[in-house]
Amino acid sequence: MTSAEQHERGLERLKELAGPNAEAVVEQLTALAPDLGRWIVDFVFGEVYSRPGLDLRTRQIVNVAALTALGTATPQLEVHLSGALNVGVTQEELIEIFLQLAVYAGFPASLNGIAALERVLAAREAATPPAAGV
Amino acid sequence: MTSAEQHERGLERLKELAGPNAEAVVEQLTALAPDLGRWIVDFVFGEVYSRPGLDLRTRQIVNVAALTALGTATPQLEVHLSGALNVGVTQEELIEIFLQLAVYAGFPASLNGIAALERVLAAREAATPPAAGV
Amino acid sequence: MTSAEQHERGLERLKELAGPNAEAVVEQLTALAPDLGRWIVDFVFGEVYSRPGLDLRTRQIVNVAALTALGTATPQLEVHLSGALNVGVTQEELIEIFLQLAVYAGFPASLNGIAALERVLAAREAATPPAAGV
Amino acid sequence: MTSAEQHERGLERLKELAGPNAEAVVEQLTALAPDLGRWIVDFVFGEVYSRPGLDLRTRQIVNVAALTALGTATPQLEVHLSGALNVGVTQEELIEIFLQLAVYAGFPASLNGIAALERVLAAREAATPPAAGV
Amino acid sequence: MTSAEQHERGLERLKELAGPNAEAVVEQLTALAPDLGRWIVDFVFGEVYSRPGLDLRTRQIVNVAALTALGTATPQLEVHLSGALNVGVTQEELIEIFLQLAVYAGFPASLNGIAALERVLAAREAATPPAAGV
Amino acid sequence: MTSAEQHERGLERLKELAGPNAEAVVEQLTALAPDLGRWIVDFVFGEVYSRPGLDLRTRQIVNVAALTALGTATPQLEVHLSGALNVGVTQEELIEIFLQLAVYAGFPASLNGIAALERVLAAREAATPPAAGV
């Protein structure tokens, strides 16, 4: 596979997750570091997310669990909560994940996850998806 | 539901995940703090894990992702890797989770996860499941 | 003890810490996940905080130290700084805790703790206690 | 106060916490970096721990809570669990702290704290206090 | 060296890093805890930063890497990004540090570092350096 | 640049840092996940480390600072301490980095970093470099 093909595959995967304007969002986030933007498309989405071993839905469950546990990546958690909803994880399942994480990451992590989900749901209702992550 | 019924339900769920001697393991881990052992059976397993909204397989994917991202709970990560294998997460899927986490928690977290999985697989082969967590 | 009694005990303990409208705050924070709200009242306050082995004042010292060290739970740190003041930890003692933590969690954790305390003191003076945690 | 006096005061405080051979332990831990050893005696113990605003007992409760929440400083957690016992925190109180931290730092942090306490109690029984921290 | 001389040396080092009004910023940040402000000048800058073994430029590279990896000290990261630019680390080098950290701390840490740098560059252009750290 | 060329470049960079048998070490660490081994050579070393904007010496200072601050990646910290010594960071500079980090990540992080350096120095003296990271 040429690197142009990998880039194309990454863009497809990224849009599947984050919607048609995802490429513009990545470019804006990495305006100071365009190579990081390229890595996100080519390596993160074109290579990691394009592996057949896990479907996008399960990848988003993994991301939400990891980012909630870390607690240091709120913009990215919001992006992946929205992405999770886009690829078929239900709101009810996201809440179950936060309840489960109370045991392993503590109740504050749970509450902060739920607050992030509330912001994401409000933004989706207002048709202004969160744009500060990837 | 009485608290005796909740305890019974928690024990069932715990054994489903960690095998028939799981109760003895919990008791040993919490010998200094028996009430913590009771909370693990009654609250963690009897209440949290017994919710219908996520199956045990998905809960284990959540746990593995969160514990790998935290990086501070190696004994518990080993227990839940073993538990994940017990409830139908395949070795291949666990490896995909670690590959995905390289992006979000860094390559060292990935490598440490894979090293934990190697220890778990070796212990299972030797029929001595890890006992230092829950 | 029935679960209704435990709920009652939890509510009492919660109000002792966070004031008469604490229940409404918990409900608002967990509107998306009412069972998490129930766990906070029944398990966290009715079970954990109701144990006789540590008084509420010492529990709040533990909470402030842990949340400052974690650094990922600012809303909850603010709630517990306010709770600490409510149950008799003095402002001077809270500052000493932050000074002590410079050694163990680093000077940034100390400075962020002090900034949180400033916000809490300002909100209490304005009679608008912080509401984003528990 | 001269810096010699501050050093003297730091040594006293350190021995109060960690026993008569504490100075030798610090020197051994910082053999590669003797100035770090000097900072521990002069700044950490001679300045921070010598402040009148918190007694040594409360400082140890703060340390145990913070180090358990961090989860990345097991040798130091063991030293401060032993120090806590030396200055009057009871084994029962330490266990209550770990139970309380299940809520804020997660059950794995609790279990790891209890395992550390078990090692400390065993070492004290064998008259070989842990030596890898400060 | 007397403690007055050490204080003087600390102030010089602090101004070298953070500009002529740095002392006022430290005083404001530690208004509730003036002794913490004194420690920052005397110990952090008068002792640690005044050691000859690393130049200020390398110290800032260390700080930026550590604070980006921690992810819990955004105000301090902004201060040290600005300080790094003040002592000769270029914008291009800061971006390379963030790209390198994608490997070790994950892509979200990278993206959050770049967002912090953007805020710092905007504030410097508007002649209003960030003031919430040290 | 073809992906074969990038792989070649990554191997060169990896050996520059970690010695001639580095490739075998990576393969062993990623035996369960060979694609992760390929990513480490091609993406981490062939792409990230091969950028001209930072020399290998500065990259290792960044790595040591970040891994010491994280506190969750001891095997990788040992690898990069050894790598730092291989590319010209002196033992004295590494110690200065740990002293500086006492301020930002706390004294336990400093002490754990120094203990890791001691293990690395002992292993290098015994001609058995640490092999559990990358």
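Which chain is which? They are A, B, C, D, E and F, in the order written, and residues in each are numbered from 1.
FYI, a contact is a pair of C-beta atoms (placed from the backbone, for glycine too) under 8 Å apart; a residue touches a chain by one contact, two chains touch by 3 or more.
Bear in mind that the values here come from a model prediction, so they are computed numbers and not experimental data.
Taking the definition of touch as given, a chain qualifies here only if it contacts chain C and chain D alike; those chains are A, B, E, F. Common neighbours of chain A and chain F (chains touching each): B, C, D, E. Judged by contacting C-beta pairs, the busier of the interfaces B-C and E-F is E-F.
When chain centres are set by their Cα atoms, the one at the greatest distance from chain F is C. Two copies of one sequence, chain A and chain C, touch each other mainly through non-matching residues, since under half of the numbers at the interface are common to both.
Note: Cα superposition of chain D onto chain E, rotation of 180 degrees, nearest 5. If you average the CA atoms of chain A and of chain E, the two centres end up 31 Å from each other.
Centre to centre, using the average C-alpha position, chain C and chain F are separated by 41 Å.
The residues of chain E that reach two or more other chains are 35, 39, 44, 51, 67, 70, 72-73, 76, 95, 99, 102-109, listed in rising order.
Residues of chain B that touch chain A in their complex: 44, 48-49, 51, 53-54, 58-59, 61-63, 65-70, 73, 76, 92-93, 95-97, 99-105. Residue ranges on chain F touching chain D, taken from their complex, read 70-72, 91, 95, 98-99, 102, 106-112, 114-115, 117-118.
If you check the complex, the residues on chain E that touch chain C are 29-33, 35-36, 39-40, 44, 67, 70, 72-73, 75-76, 132-134. Listing the residues of chain C that touch chain F in their complex gives 102-109.
Residues 3, 35, 39, 43, 47, 51 of chain A touch chain F in their complex.
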